[in-house]
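We just call them A, B, C and D in the order they show up, numbering each chain from 1.
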């Protein structure tokens, strides 16, 4: 199984999968570079730098039939053509390793904050969709843009099964609470036990930061969450 | 013969060909995906999803010398290069199956509603153009953008014969009445009997919806018309 | 020798080369299509249509050592990459036929009308530049955009010799008078006798049309000049 | 070792490397052309023209273990994809010649002038970063756009070591003083003796030009600095 966690709206998938990688002690086994990434390098606070990259991590999980692969990175491709090419290549690698299921995660941009962010989903087949609905997810209406849509659409064309999970977010800052909701839903869906202590701490910090935050007026710093 | 019915201005071609596919009980035999489609997936009301796609349908028609192929889909390519690449591939497939004629359909954007939408045409040769004019079509002036223009232009370069049919439309909503005019013209041109009952119902619903519609003020919902 | 006459600023090169093709009774021997052209088809007043195209014409000229090739068309490529790819291919064809010299023509956009449009030039080598200056041309300052620049730049990289001729134009309408100046300069440069009767008639019509024309206020129709 | 000196913000790298090429009497051994350059030709004041180009120069330096290669040119690629393709090719050539280290230079855009422009850096490994910090450089925070970022990022992926040097600049004119700071830092870092007489003259001229210069009000001419 492949879980997508690239930076998108509210960094929902990115934060959720960063936590997953840490908790599962997943190991990086693949870097994917693309000429369709933005023309730049990212720096870190220790004077290091690296190009935009997508990474694949793998974790062995006792309770699951198969290994879990996680797609993480610091960027998505910057053009439609680049998105299709990149995620096609990601699926090539994943399928070579036996992957038959894909779960994509993303933020669903809202103009007003939700008291409790909802979970929305779409699936490649009815059974998966109904399982997700049984766990409280609602129907995604309209289009799924970016990695969450393209990767699952390509997976479907290749005969893989899969689910897209979107969570309400304002999309104005790294939304740890929404990521918490996404990861919580994913773990229930997979029957996977995850320790949320560290993520809950990030949620607490985000909540503090948002005290007095008025949408459209002050935008908190939205740094990419990088792996050490 | 290949008839083009991709989504464009007023969805004229898309609605006309959806009706044609249903009435002729045409069968889909080919899906075409492109990295030049928009980077997203489309969802449906049953929790399913699919990537942007172009499809080819085939129907056997007693009254016509040859089978009819219909190009249907939920999108056009999102770049010039993508349009040329995509329709070149469509023609590859169609020609492999013996196609020698191409008919493209589209909407001709107008700023004011027409009491009775006019039919306009251009053709790869004089005979076809004059037959269309004899059936009431007027001359297209200027340029034909998108699939209706590119597909027929490429067809001409490959030595195929063909006709482009454009119909007046405001282009602000799925224009079933304009699609009715286009399909009606096409059936006359081909000597093809089509049952318009279902399409007439869509026309009636559109007309109702447009009661009190003021252009530029309220835009009715413009969902893509999807096949079941 | 290859002379470039694609549509650009003020259609200076396009009008000049259309006249040249007619006067020299040049014959078209090559059509070049590109996925980098705009996604459309062009129609004519007889109900015909054709895709965007670049064409090569050839003429035998007694007074010149070599045949003349003329690059004509109804468009330039719509992206930088497309321009380089297209004119590289044009040079492939021209060089295969023995071409060793390239002359490009264009308009030099001005904000105010010139009483007598000036001729400006740049060249791949000193000798050519000085011959042009001797005939009254001034120095081009800055950059040469589009076909006139790219084609000559590529020619230089391939070791061909050549000249770029730009003429002052407002660029707001098909500028027959500027085209007359360009073609007049070209014929002097090449020692080529050209009958200007037809082009002078176009100049007269343009002058009439411009009576009372105020830049920025009323824009006359700027249709592409098409070959019959 | 490869030093990058392409035109970017304030032309800092371009001016510094032009001076370096002259002082080291470096010889050009490679021209690199790309369809991703802007579609134009550049002219000079002698009536000559040339296409956009990137060039590689080589110099033997007694005090250094290895030869120095300098990447110079009149442009960067005009798309992300073009940047990756181009600098990938530059590294192909450099690595074929034994290059194992890359130094990129650039301007760091500031809204207000610095009394003394600061030097900022990032590096592929800790040792290089600390050596640069020891010479007075500060940490680059955030992203490094363009050639300075892409070239070093690609170098890192290929296992090469390297340093990026950015210098404060308003970026509104060819910033000779900032280039002086960059080159001065580079020569200290490399233990390379450079005669700054000519560059100091350019600094003096720039300072004169800037007397009375108010940012955002009057923009001095920003011509590319071309090699003779």
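As a working rule, contacts are C-beta pairs under 8 Å (C-beta built on N, C-alpha and C of every residue); 3 or more make two chains touch, one makes a residue touch a chain.
Computed from a prediction, not measured in an experiment: that's the story for all the values here.
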| item | value |
| --- | --- |
| Same or different residue numbers at the chain A/chain D copy interface, by half rule | different |
| Interchain centroid distance [CA atoms averaged], chain A/chain D, Å | 38 |
| Between chain C and chain A, distance of the C-alpha-averaged centres to the nearest whole Å | 53 |
| Overlap residues in chain B, where contacts from two or more other chains coincide | 79 |
| Category of the chain touch graph - line, ring, star, complete, other | ring |
| Chain D contact footprint on chain A (complex, rising order) | 31, 33-43, 45-52, 78-79, 82 |
| Chain D-touching residues of chain C, taken from the complex the two chains share | 77, 79-81, 83-85, 88, 121-126, 129-130, 132-133, 139-146, 149-150, 152-154, 156-157, 164 |
